[in-house]
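In the two complexes below, chain A is the common chain; its partner is chain B in one and chain C in the other.
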Partner chain A sequence: MAGQTDPHVSLFSPEEVEFMAEDELVEIVPNMNMEPLNFIAGDFGRFIPQIPIQVPLWLAVALKRRGKCTFRPPGWLSVDNLTQVLEAEREPQSKFQALPFSYVEIARLLFDHARDDIPDMYMVRSLVEDIRDVRLHKLENNLGTFLGTSAVKMENVSAMEVNLVRPFARRALEAFYKHDKPEVVADRNTRSSRQPREANDEPRRPLRQR
Partner chain B sequence: MASSSDMGSADFESLSSTSDVELLKRAWRNEKAAPEILPYEGDLVERAKGQIELVEENIEAYVENGIDPLVVSLYQMDLDRTQFLLRSYLRVRLLKIEKFMFHSLKSEEAESRLSEQEKVFARRCADDLAKHFEESVLRKLPENYQSVLKQSLISEVDDMVPEPHLDTFVVCRSKSHFTLNLYEEGESTQTEEMDRGDLYFIRYKIVKGAIESGKMDLI
Partner chain C sequence: MASKYYDIDDILTEEEFAPVLFHKPANRVTIDPSAETNYVEQGAKVELPFWLAHELHLRQAVSINLPACFDQKTRLEIQADAACVDLRSRCPYFYEFGCKLQPLVTDRTLGILLSTAFKIRYKERLTKVFTATHLTASKFLPFLTIEETSLYEAAHLSMTAFKKWRTGGPRFQRASILGRKRKES
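== the complex of A and B ==
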């Protein structure tokens, strides 16, 4: 079985996180006429020049690549708002600021494909990068205050951030939980005391924790 | 999350529609994040397959009728995305079946989570693996140690069967306001008020029910 088990089976790759972000709606201004599109994912359109319309990010990027539309960057992606967010994030003991769940992915896709539609693009990009760094640092510090309870609330943490800390946080919380619960271990030992061979749990571990 | 309502269209809360694609995405995400195999979403998979076939036919018709290639390529992209979700969903399940095949076949409850095709796959997998182990190793061991499922004859339970680790922690997001019990039988009562959109690291066993009933999503 060892050869077949994928240790990352329960984790999302960066591409998959981006895939999910591509379903977020963004506003574009088309420059052509097009009949409504009846997708499996929903109906969009019709498209009329100069009339703003909401479409999923992947569709917006596809149209933009062919020069069929311009983006209207979301309100949060402005120098003013991002400066505010960055200052608030830098406050000591501050909470995480409210940003879209996929802010990193959305911002990156817009930087890659719609740079000419974002005012002060370089400023905005460096702000987003700074915010990301500050938040990651904060997240790492917060991990130190995790308690071994059954539930840890994470306020305003984004998709990418969750995905990054998940492997570590999961193992840490599992360990907390295990040591918090002596009766679980005791229970297993009484059950297996009739089977001396099984009393030592060690050799079985590789089978279970993969 | 109260302040997030002004975050504009990009916020996830505006995406609360329940199209089959959304449902499929949810099923895919839950299946990927859950430590054990979840009940098979048979109806949803059939509907998604039907829609995929329909769009495939439509695309062929568009090409024949000389519709704008741009429109055709957009439909193709939509199709690709749905197909990816469906394939990935089924593959994650196959991976889990391979991992826990003996466990999945041991109890009716576990087996009822699989589709008919998955059951056949699990059985053949388990048979082949058992046969392989017997021929390559087990037959050469002393008599007491020849079972695929047990360490030795004196084991009372099947202690060589890998089982999903349900005490692991997962990340989940609540879809509405509700109160969740954080305790299991025999523990002190402790509850947590959850609001729509709240994100938690939480022990899988605790939210198992809420996930299967659709109150929470794994992330």
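== the complex of A and C ==
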């Protein structure tokens, strides 16, 4: 992959993940008049004071730094919603809660650049950090549950989290595959003479429910 | 196989010694420098590096026995508590070496031993990497084989990079070309 900084680790750096997250759309309220902007990703504008508009995050940050707009914080970034998510994440045996794919990065960028536009900024920030830590623990527990599974299913894991465990998980699965393979071969040798294996395309092990 | 030809880990794995039993007498070889003759008798038990043992095995000159790192004592220890066994001192390439030996030895349980050892050690040790501090990790680090260490390193590196990103640092880097003043033309 072209975007990888270090081919040996097969990892996007967090900065690269953040860069990709900057393409997400956010809502801003401009305070200036401007002609529409035509980008490869699409056309944005025109910008009229006090009329909310969706723009990519990087553009929003750039405008904000020049004092040309205010952010409308996304709906999920509210104390109520985050508290709810945190509660749900803390439930034992719960699934990962649905959050935007790049929630870590978006939150970080907003906290850095749009401090004054987020109500209860400190509360929100600590909630996001808590959620991130809880989810990281959960992810780690999940990693502990793959024992030679050939396929792993995890839902709602965000970009940064995936990127964090990618090199580890890949190597671990490779190792499992390597050690499981001889067993399968031996298995087939002993069994094939007696009865043909029932053909099924399903994974042999039931995928773990979280 | 060809892709592994220059792989240093693969080369080092094959340097590990395996005990062999000579089925044929071999002339003009000096395996033990202190031996009086340069002659290996039929039925001699010798330790050879794996790469040599493998080649001789293909020519049916020797049969390979299990090396000491897979002996009964180690097995019992792995059964007792795989997570605490110091595999590194037994054989730094425990898994790789085991996988290479597996088709050549008569022991059928080797594969199962390797996979159970890895599964338990993976679960107990390696998955703790992301939240454990480096200090607690360094206690069991010397027990890990090379393969396990590389797994650990992978997780540790990505975690360090993430923490670095989280705590900040220069956010927008200026391209070096932008810093220079343009010459007046």
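The working rule: the second predicted complex is superposed on the first by the 171 of 210 C-alpha atoms of A that agree within 3 Å, B and C clash if a C-alpha of one lies under 4 Å from a C-alpha of the other, contacts with A are read in each partner's own complex, and residues count from 1 in each chain.
To be clear about the criterion, a residue touches a chain if its C-beta (ideal position, glycine included) is under 8 Å from a C-beta of that chain, and two chains touch if they have at least 3 such contacts.
Everything numeric in this text was worked out from a predicted model, so none of it was measured.
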Item checked: First (chain B), second (chain C), both or neither touched by A:R115 -> neither
Next item on the list: Using the superposition on chain A described above, determine whether A:K95 touches chain B (first), chain C (second), both, or neither.
Entry: neither
Note to self: Contacts for A:L59 in the overlay, against chain B (first) and chain C (second): which applies, first, second, both or neither?
What the structure shows: first
Check: With the two structures laid over each other on chain A, which partner does A:P14 touch: chain B (first), chain C (second), both, or neither?
Finding: second
Margin query: I'd like to know which partner A:G144 touches here: chain B for first, chain C for second, both or neither.
Written below: second
Note to self: A:P74 in the overlay: touching chain B, chain C, both, or neither? Say first, second, both or neither.
What the structure shows: first
Margin query: For the three-chain arrangement built by superposition, which of chain B and chain C touches the greater number of chain A residues?
Written below: B
Note to self: Per the contact definition in the header, classify A:V162: touching chain B only (first), chain C only (second), both, or neither.
What the structure shows: first
Next item on the list: Using the superposition on chain A described above, determine whether A:M154 touches chain B (first), chain C (second), both, or neither.
Entry: first
Next item on the list: Find the residues of chain A that appear in the contact set with chain B and again in the contact set with chain C.
Entry: 9, 11, 166, 178
Checklist line | Parts of chain A lying in touch with chain C, wherever the complex brings them together | finding: 9, 11, 13-15, 18, 108, 112, 136-137, 139-141, 143-144, 147-148, 160, 163-168, 171-172, 175-176, 178-180, 182-183, 186
Next item on the list: Spell out the part of chain C that touches chain A in their complex, as residue ranges.
Entry: 95, 99, 102, 108, 111-112, 114-115, 118-119, 122-123, 126-131, 147, 150-151, 154-155, 157-159, 161-162, 164-166, 171
Notebook entry, point to check: Where on chain B does chain A make contact in their complex?
Noted result: 1, 3-4, 6-12, 14-15, 17, 19-21, 25, 29, 32-35, 48, 51-52, 55, 68, 70-71, 73-75, 77-79, 81-82, 84, 92, 95-96, 98-99, 129, 151-152, 154-156, 159-160, 162-163, 165, 167-171, 180, 182-183, 190, 192, 198-203, 206, 219
Checklist line | Touching residues on chain A, where the partner in the complex is chain B | finding: 1, 4-6, 9-12, 19-20, 22-27, 34-35, 37, 39-42, 54, 58-59, 62, 66, 68, 74-76, 98-103, 106, 146, 149-157, 159, 162, 166, 169-170, 173-174, 177-178, 194-195, 197-198, 204, 207-210
